[in-house]
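What follows is a set of structures to go through.
Each of the two complexes below includes chain A, the first together with chain B, the second together with chain C.
== the complex of A and B ==
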C-alpha cells in the first residue's frame, strides 16, 4: 500500500489537542485514583517526516502490577473500532499507540510488536496526565 | 495581556466553568442513580422539565471539529451523557457515518448498526453512559431546528427519553470567535407553547432568506435550553499548557482573512433582505431585523480591523 513503507523513522510527531483531551478524559474515567495504566490507539497520517496524530480512542487494557510480562490488550476491540473510525474519516489510519506512563516500561516493547500488525512503524506517545514540569506533557518514541 | 489573562477572558466569554474536585464525580457513571431518576419520568408532567445542559470540554471539541470538518455539508452524530436533576450533562460525543444530503429517515437505518457497535465498545472501555441526544450542524445558517429536525426530535422524545437536540454552526463559530451552539427539546404534540417571556432579545440570530420560512413555521414547537460548559482540573492544566504554547498563532490570526468569504455571503444576504423590504413590506422581513443584522456584521468586521490595528501598533513598530 502506498504511503505505509517508510525507509527511515519520521522525526517529528504532531499531536492535536483533541487527542490530549481524550486521553485525559479516559484517565479520569478509568484510572484516576488508581495506579493503573491506560492504553489507547492513535489515529492520523504519516506525511514524509512527520506523523500527524489527529484522533485517538481508548482500549481495554489490563496488566499485572507485580509481573510486567503479564498483560492483556483486546485485539478485537482495536479491529472493530478501526473499522468504525474508517467509516467516519477514511484518511485517519492507525499510526501508533499511547499510554500515560509516566515512564517507559518493559512490556512496552512487546505491546509495540502487537501494533506492528496494524502499521509497520508504530509510534508510542507517552502522555503524562499529572505533569509537574512546564511544557507539553508528551514524549514520542519509535522502536 | 499575558496568556493567563487571555485564557480567563476566553473562559468568561464562553462561560466555561472548571469543576471543583467534589464535582468531578460527574465523570463517574452511577447506573442505579440514573435509573432511579428516570423511573419517575418527570418529562411527562412538565414539558420544560429540563432547563439546562452542561457540555464537557471533550464533547464540545469533538462536536465542533466534526462540524467544521464537514465544510458546507451538514454532519451529525450522537452524544453520550446522563441527567442530574433538571440538568442534562453531555460527557462525550461521536460522529455518525452519514451525509446531510440523504433524507434523515434512511440515514438512521444505516447508522443504527454503527451506533450499537460503538456503544458496546464504549462499555468495554469503561464508558458506560448511554446516548443522551444527537447533534448536527447547520453550516452558515444558524442554530435552530428545521421542520425535519423537529419531527425527528419529537419522535426521539416519544421513545428514547431523555433526549436532547444540539445544533452547531461551525461557520458562525469561526466568524464570531465564540462557539455557536444551541440545545433544544421539542414539545410533545398538541402542546401549545405559552408565548414565553424569553423573547428573542438575547437569542437573536439572523436566518438566511431561503430558510426563514422553515424557521418561522416550526419555531414554537421547541424550546432552547441554557448551555454551560465544564472541564476537569486535569483538562484545565492541559489547556493552560496548550494555550501557553499556541497563543502566538491565535494572536497572529486575523478573523478578517479567515472569514472573508463568509462575511461576503452575509452581506449579500443582507442586501437581498433590504431589497425585499423596500419593495414589498408584506414579506416576513422586519426593519428591526435588518438593523440588528447589519449591526452584527459591522461589529464583527470592525472588531477585526481594530485588533489588526492594535497588533500592528504593538508589534509593528512603524
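== the complex of A and C ==
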C-alpha cells in the first residue's frame, strides 16, 4: 500500500508550507530572543523514495547548552499527540523530526535514536528560521 | 499529603547484575520503583512520578511524569542491564524533567539509586547539589551496592543539596532484607518524607493488594473494640449486684487507669465472660458454638454430625471455660 512503506533511503524530502509556518511560529513563541533550540515532530507520508511532509507539531524540549549529553524530550507528549492526530488523519504518520539548528549537534544522534521507536528511518529536517539568504531554508538528513 | 512530582533514577549499569541484594540489585530497584510509585500516588492523587534509567550511552527517560500505573509499566517494560551509569547527567536530566512538569505547584523531588561507583568527582557533585538547592529540588539518594566507595561523595552531595531537612542519604548494606522494606523504614518514606505512617500499609497489606481483606480486618478490629467497651460498661453497670468475685473485680476497676491498656482490655474481656457465665445466660458461649458449627459445616468434606467432631467441640468448650476461670483467679490474686 502506498504511503505505508518506509523508504530504505529516501532521496527526496518535500516540505509543505504549512510546516514552515508552524515551525517559525513555534520559534517565535518559545525561543525568539534566546539561544534555545526548538524541536518538533514531522508528520506525513512516504511514497517510494520521497518523503512528503505535510504537517508538524512542537514538542517540549530542553537541553543544557554546556553539556550536550543532557537533554530531555517529552516522549509521552509525542505518544499522546500521535494518537490524537491519528483520529483526524490516519494517513499522516510520524516520518521524522525537525529542529531549528542552525547546525547539527552531537545530541541529534541520540534524539534520532528516540524517534526510531516510532518509525524505522526518521528524517531530520533542520529548518533555519532566520535565514540570511533567500533560498530553501531547509536541510534534510537521515541516519 | 504533599503535592509532589518525583523522578526516580535507577542504576541499570552492569554493576546491578550483582546478586548481593535479593534477587539482584537491578530487580530490587525495579521492585522499589513500583513500591515508591504506589506510595507517592496513594499519598496524594495528584502526585506524578517519572523514571529515568541511568545507564547506557546517555541516561534515558523511560517514563515522563505520570500518575498512571499503566504508563509506568509500559515505560519500564523491557528495561535491561547495560554499560555504565552516569549519575550526574541523570540528575541533570531529572531536573529538566521536573522543570517541564504539568502542574507547577508540585514540589520537585528526585530519588536516585546508585549501585555502581560514581565517576564524577566530589567538587562537581557539590556544585550540582548547590544547583539543586537553588532550584528548590529535594533529593534522596539510596546508596547500596558500592556504598562504601560512594559514601563520602554522596554525603557531600546531599549536604550541599539539603535544604531544611528535605534531602536524605540512605545507605543500605547488603543482606537478606528486601530493598523496598528498607526504604519503607527510612526517612524517604515515613516521618521525614511525604509517605507518612499511613502509607496505606496499616495491616501489612491494604487497599492496594486486597481491599476486601483490608475492610474485613478493619471491621473485625472495630467489633473487637466494641466488645471490650461493652465488657467494661457491663462491668461498671454490674457493681451494685454485689457478688463476691465481682466486688474483687470492682476494686480492680477503681485502679483501672493505673493498669496499661492491654491489661484493661484483658480484664474487660474476662469480666464480660465471667458475668455472662454467672447470669447463666451463657449467650456468648452458645453463640460461639453455633458459629463454630456453621464454620465447620461450611468446610468441604467435613460432616458436622460426625460424633468424633462433636466430642472434640464439646471438650473444647469445656476446656475454654476452665481456662477463663483460671485466668480470672490469677488476675484477682495479683
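Rule of thumb we're sticking to: the second predicted complex is superposed on the first by the 136 of 143 C-alpha atoms of A that agree within 3 Å, B and C clash if a C-alpha of one lies under 4 Å from a C-alpha of the other, contacts with A are read in each partner's own complex, and residues count from 1 in each chain.
The definition used in the following text is that a residue touches a chain if its C-beta (ideal position, glycine included) is under 8 Å from a C-beta of that chain, and two chains touch if they have at least 3 such contacts.
In this text, all values refer to a predicted model and were calculated from it rather than measured experimentally.
> In the superposition on chain A, see if there is space for chain B and chain C together, and answer fit or clash.
Aligned on chain A, chain C fits beside chain B.
> Let me test your reading of the model: by the given contact rule, A:110 touches which partner, first (chain B), second (chain C), both or neither?
second
> With both complexes overlaid on chain A, does A:21 touch chain B (first), chain C (second), both or neither?
After superposing on A, A:21 lies in contact with chain B but is clear of chain C.
> Taking the superposition on A as described, I'd like to know which of chain B and chain C A:62 touches: first, second, both or neither.
Only chain C is touched by A:62; chain B is not.
> Mind telling me which of the two, chain B or chain C, contacts the most residues of chain A?
B
> Tell me which partner A:84 touches in the superposition: chain B (first), chain C (second), both or neither.
first
> Is A:74 touching anything from chain B or chain C once the two structures are fitted on A? First, second, both or neither.
both
> Nearest approach of chain B to chain C by C-alpha atoms in the superposition, in Å, rounded to an integer.
Checking C-alpha atoms only, chain B sits 6 Å from chain C at its nearest point.
> Once the two structures are fitted together, what part of chain A is touched by chain B and by chain C alike?
Common to the two interfaces on chain A: residues 60, 74, 77.
> Which part of chain C faces chain A closely enough to touch in the complex?
57-58, 61, 63-64, 66, 71, 86, 89, 92-93, 96-97, 99-100
> Show which residues of chain B lie in contact with chain A when the two form their complex.
24, 27-28, 56-58, 61-62, 65, 69, 92, 95-97, 114, 117-118, 121, 124-127, 232, 234-235, 237-238, 241-242, 244-245
> Provide the residue numbers of chain A that touch chain C in the complex, in ascending order.
Interface residues on the chain A side: 60, 62-64, 67, 69-77, 110.
> For chain A, which residues are in contact with chain B within the complex?
Residue positions touching the partner: 17-18, 20-22, 24-30, 32, 57-60, 74, 77, 80-81, 84, 87-89, 129-131, 134-137.
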